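Have a look at this one before I ask anything.
Going in written order, the chains are labelled A, B, C and D, and every chain counts its residues from 1.
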Amino acid sequence: MTLPARLSGVIPPVCTPLTPAGEVDTVSLARLVDQLAGAGVDGLFVLGSTSEAAFLTDRQRVAVVDTVVGQLNGALPVLAGAIDMTTPRVVEHARAALAAGADAVVATAPFYTRVARPEIERHYRLLADRVEAPVFAYDLPVATGVKLPAALVLALAADGVLAGLKDSSPELGELRAVLAGVQDGVTGPDFAVLTGSELVVDAALLMGAHGVVPGLGNVDPHGYVRLVAACAERDWARARVEQDRLARLFALVEAGDPGRMGRGSAAIGGFKTALYLRGWIDHPTTAEPQVPLNEAETERVAKHLAGAGLL
Amino acid sequence: MTLPARLSGVIPPVCTPLTPAGEVDTVSLARLVDQLAGAGVDGLFVLGSTSEAAFLTDRQRVAVVDTVVGQLNGALPVLAGAIDMTTPRVVEHARAALAAGADAVVATAPFYTRVARPEIERHYRLLADRVEAPVFAYDLPVATGVKLPAALVLALAADGVLAGLKDSSPELGELRAVLAGVQDGVTGPDFAVLTGSELVVDAALLMGAHGVVPGLGNVDPHGYVRLVAACAERDWARARVEQDRLARLFALVEAGDPGRMGRGSAAIGGFKTALYLRGWIDHPTTAEPQVPLNEAETERVAKHLAGAGLL
Amino acid sequence: MTLPARLSGVIPPVCTPLTPAGEVDTVSLARLVDQLAGAGVDGLFVLGSTSEAAFLTDRQRVAVVDTVVGQLNGALPVLAGAIDMTTPRVVEHARAALAAGADAVVATAPFYTRVARPEIERHYRLLADRVEAPVFAYDLPVATGVKLPAALVLALAADGVLAGLKDSSPELGELRAVLAGVQDGVTGPDFAVLTGSELVVDAALLMGAHGVVPGLGNVDPHGYVRLVAACAERDWARARVEQDRLARLFALVEAGDPGRMGRGSAAIGGFKTALYLRGWIDHPTTAEPQVPLNEAETERVAKHLAGAGLL
Amino acid sequence: MTLPARLSGVIPPVCTPLTPAGEVDTVSLARLVDQLAGAGVDGLFVLGSTSEAAFLTDRQRVAVVDTVVGQLNGALPVLAGAIDMTTPRVVEHARAALAAGADAVVATAPFYTRVARPEIERHYRLLADRVEAPVFAYDLPVATGVKLPAALVLALAADGVLAGLKDSSPELGELRAVLAGVQDGVTGPDFAVLTGSELVVDAALLMGAHGVVPGLGNVDPHGYVRLVAACAERDWARARVEQDRLARLFALVEAGDPGRMGRGSAAIGGFKTALYLRGWIDHPTTAEPQVPLNEAETERVAKHLAGAGLL
């Protein structure tokens, strides 16, 4: 499917189900795609952080795009993360994902290496040059160690380098500055601003953001569809109730004991365990070297699901 | 070549010369290998941070190992970085490097993803299980965002998971704790501790470290060979004079204007420009999206080389 | 004046006008208090970060409280920051401010020293024990290096240790978690949640926050009063227009050239220059060692004011 | 006592013994001063981080200087920390310490507020102007969040602003750059470079540093006196043995359980408990809100002391 003129709505970052042996569980992935599409989401984002792209081999990454694109059969647009350290490597991932049928690519600033604004800017300009598809900037300071400044995003958007922004930074003030630029016509009218902060969707959409890429949307896509619909109708009271409910459910990312694992293991483990408990995927397996949730932690996830009426 | 029982001495992290088009310049790389070997170094470390491994595609990484291993023809041991975000991806890089002839692999803690000690430990244990070669831990907090604690390094060494440590953290106190463990027999007698801090080699060797992996060793390998020889002879006064000279030369990593580029571009650009000015490589080209040094900055590098008697 | 049962609305963190010699300019301060009170704000917060509390001597801090309390003559509640590194020093500042007439104190987590949750919790419990007035927690990770976790704030609120929270962290998701606790009755009904993020007031109030402590409210108190009124009427469209206007005006904190000064100098210099240009204070002087704005930078501030219709 | 032309040797940062009620225990403090002086140290540093200056009220700070200066009666030079956020407050502390008899003041970069190089430079220039005594820069990034660059330290030293540097950063490479400047005559010949890193004293002195300010020197001053003597005699093998022993003893700063307390509580608690167990101070009390060591943790400290032959 081609992208809409401007992407908007709910675009979940699709979890990548794995077999106990660590291979992509394409059967579960196809089922998850069906669940998300059936819930009425507006697109899918594969190979992002929630998808464990950082853990998937190149071969597995292609298998993911293949499976999702094949299952959707054009029903929804597919964005694909091209997650790697620098331009040459990101270009290769982007081309592989596009060859497998993705509609657009999503790329962070360079990481591992010590860059400043000039290198970040050059990175996106080179990417846009070398890749035959819309490029979205992925602002994820918790992973990359750098924040994309609003002024840089706007400059790149103004030059047609970027088609949109997935903002997973906590800085809503900077998001507002980007949105002010969009509103003032600094960017073209189709520049899409998507928040990756699943806990403040009502706030981001109130400010003018066009959509959301919620990790928790794997677990409760219907909730995010309702939330965004309420925002679209400017029914902010209803939106807040839905968002508050989802924020409570989000506590499942802390079911993993911080003495036993890092925050990444707990978050991805929480999502996948919830999907497993809902029967949407066959195994809660997470990629290595993440620590899996144990029985007690799985119980906690179940309790959160039950509290949200999902179990 | 097989590794010596315990690696020691000068093991430069070999720069990866590039053509202006961004491909591996294998002719220059072979010449650089000859220069380093001719200066009397004790091994080579390819595909580390100084080698721009973060910027090289998988194909280029293999080309580097091929070229270096072929040129050395067994004259020196070759360590290869397996630089990627998580275990499954690191394992693939490690296997590719070993297939191309590397003698050992060097791996950082996971990055991009939010890990704590349990995931880092699991990462190294899985690596050692899956890779048929000695594994060195690469402690590079500036790139990964996490410091490998001395206690973890020692625990992994005690279990035979790690063959050595390349310590590129600034924390010499932690390095001392690792060395105390080595001295106390916590590790086996062959555990190799190498410092990656090219400015404090005398200090690290005084503390008991076995060798150094100096980025600046590309530019002045003879200096580092003399420095390590002086340390081996316990001639600390002579060592200090040599180290002080090298520390002054190291200022070439700041020749790039911080208003024009980040610290990575300046450092790699400084090394490669120096190699180019010495006639050891044919192009000072750095990988994208790094910002190249301009004429004035190149002049500054030349001045540093002249000041050190290298031009 | 005593505090209302629950503080809410607009409570500007009052700038501290200085004479060119660096003394508190009490005449300007009294005039600024009149302007703010006349604009209809709901309380004043003195000796916070925007007030340059970190730069004021103990004697000057007391002069500020004296002046503001005297000028208000009970018309509005006065919160006073007790900004220092640890409990014993904070207690002394708190007592001095209360003796001078403040109604409540606002304190950050300990800083400079390396604390974890146990010390932060103990800090607030000891403060509440030793100080005869309501204590507000001031969450300012950019200054202290630590984020107050929502769970800790709620635990302290539940025990009556805290009367409220001034949240100047960027993490609206954590703010939402605090507000969920308030809504669920974890805290008493009077626990006040105030955002210090002047760019996302509509979002924070939509989520249920009770008020705002906006640094920019010194410069445009009428704007913040209108914004909060629109939020109170649930007229989110009007709120957003006002907030977007204020967000644009906020760019005055970047009028100072980053090559000449740090972000603190630029922000405080921007606010004070704006107040000077509006004729509300007699000197734009900032405390040492901050770098003052120069003429060109002052022009930029003037332009921002003009753009917002304030000059 | 006046300072020597250039300070050197062992200058312990003196712990501040407290009574169980939290007041300065001047009897214990005088006894500790006697122990340190008796061990042959070269000066004392009061009101630094190890002294819990961040926790002492102004009155208590003066009591400390009074007691130490009185007890020494001119036998050793006394440096006093002037630990506070910004210039005006630091000046007040500096004057109070000098009035109480200190010979020089030690000040960090500003903290809590967001400064860059211009403000840091201005801070030290203003301090030197306003304070009638030698000023030492205290580089403590773990507390202030900023590293003093070698180039700035040298520029300030060249202008006579700074009399010396206490370097408690982990960056020995930067320390080497400062020492290169000293050796090259950038500073005057009397500029004193002291390391605050108690685990790498041999390394720092090998590089040319003049002395050490070791927190652990409270517990084992004789060890540090022996260590520095060995360095002075260029007996690096003996120095290393002593330093290795002290590094093992240093583990007492981790006797406090990280699940019960932050790193500051553990470090200060470890030092004070060791002093208490040695009978040098009457109470192991640490300042609030630090968490005290419990019985099991105290046992661990005792074990470390015994292991080092101190109990």
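Keep this in mind: a contact is a pair of C-beta atoms (placed from the backbone, for glycine too) under 8 Å apart; a residue touches a chain by one contact, two chains touch by 3 or more.
Protein identities per chain, from UniProt: A, B, C, D = Dihydrodipicolinate synthase family protein.
This is a predicted model, so every value here is computed, not measured.
Enquirer: From the C-alpha centres, identify the chain that is farthest from chain C.
Expert: B
Enquirer: Is it true that over half of the residue numbers where chain C touches chain D are used by both copies, so same, or is it different?
Expert: Because over half of the interface numbers appear in both copies, chain D and chain C meet with the same residues.
Enquirer: Approximately how many whole Å separate the CA-defined centres of chain B and chain C?
Expert: 48
Enquirer: Centroid from C-alpha atoms only, then distance chain A to chain C, rounded to Å. What do you get?
Expert: Going by mean C-alpha positions, chain A sits 35 Å from chain C.
Enquirer: Can you pull out the residues of chain D that are in contact with at least two other chains?
Expert: In chain D, no residue touches two or more other chains.
Enquirer: Under the stated touch criterion, can you name all the chain pairs that qualify?
Expert: Chain-chain contacts present: A-B, A-C, B-D, C-D.
Enquirer: Touching chain C in the complex: which residues of chain A?
Expert: 170-173, 176-177, 180, 183, 197, 199-200, 202-204, 206-208, 234, 236-237, 240, 243-244, 247-248
Enquirer: Would you pull the chain D residues touching chain C in the complex into a rising list?
Expert: 22, 49, 54-58, 60, 83, 85-89, 92, 110-116, 118-120, 122-123, 126, 142-145, 258, 260-265, 267, 287-291
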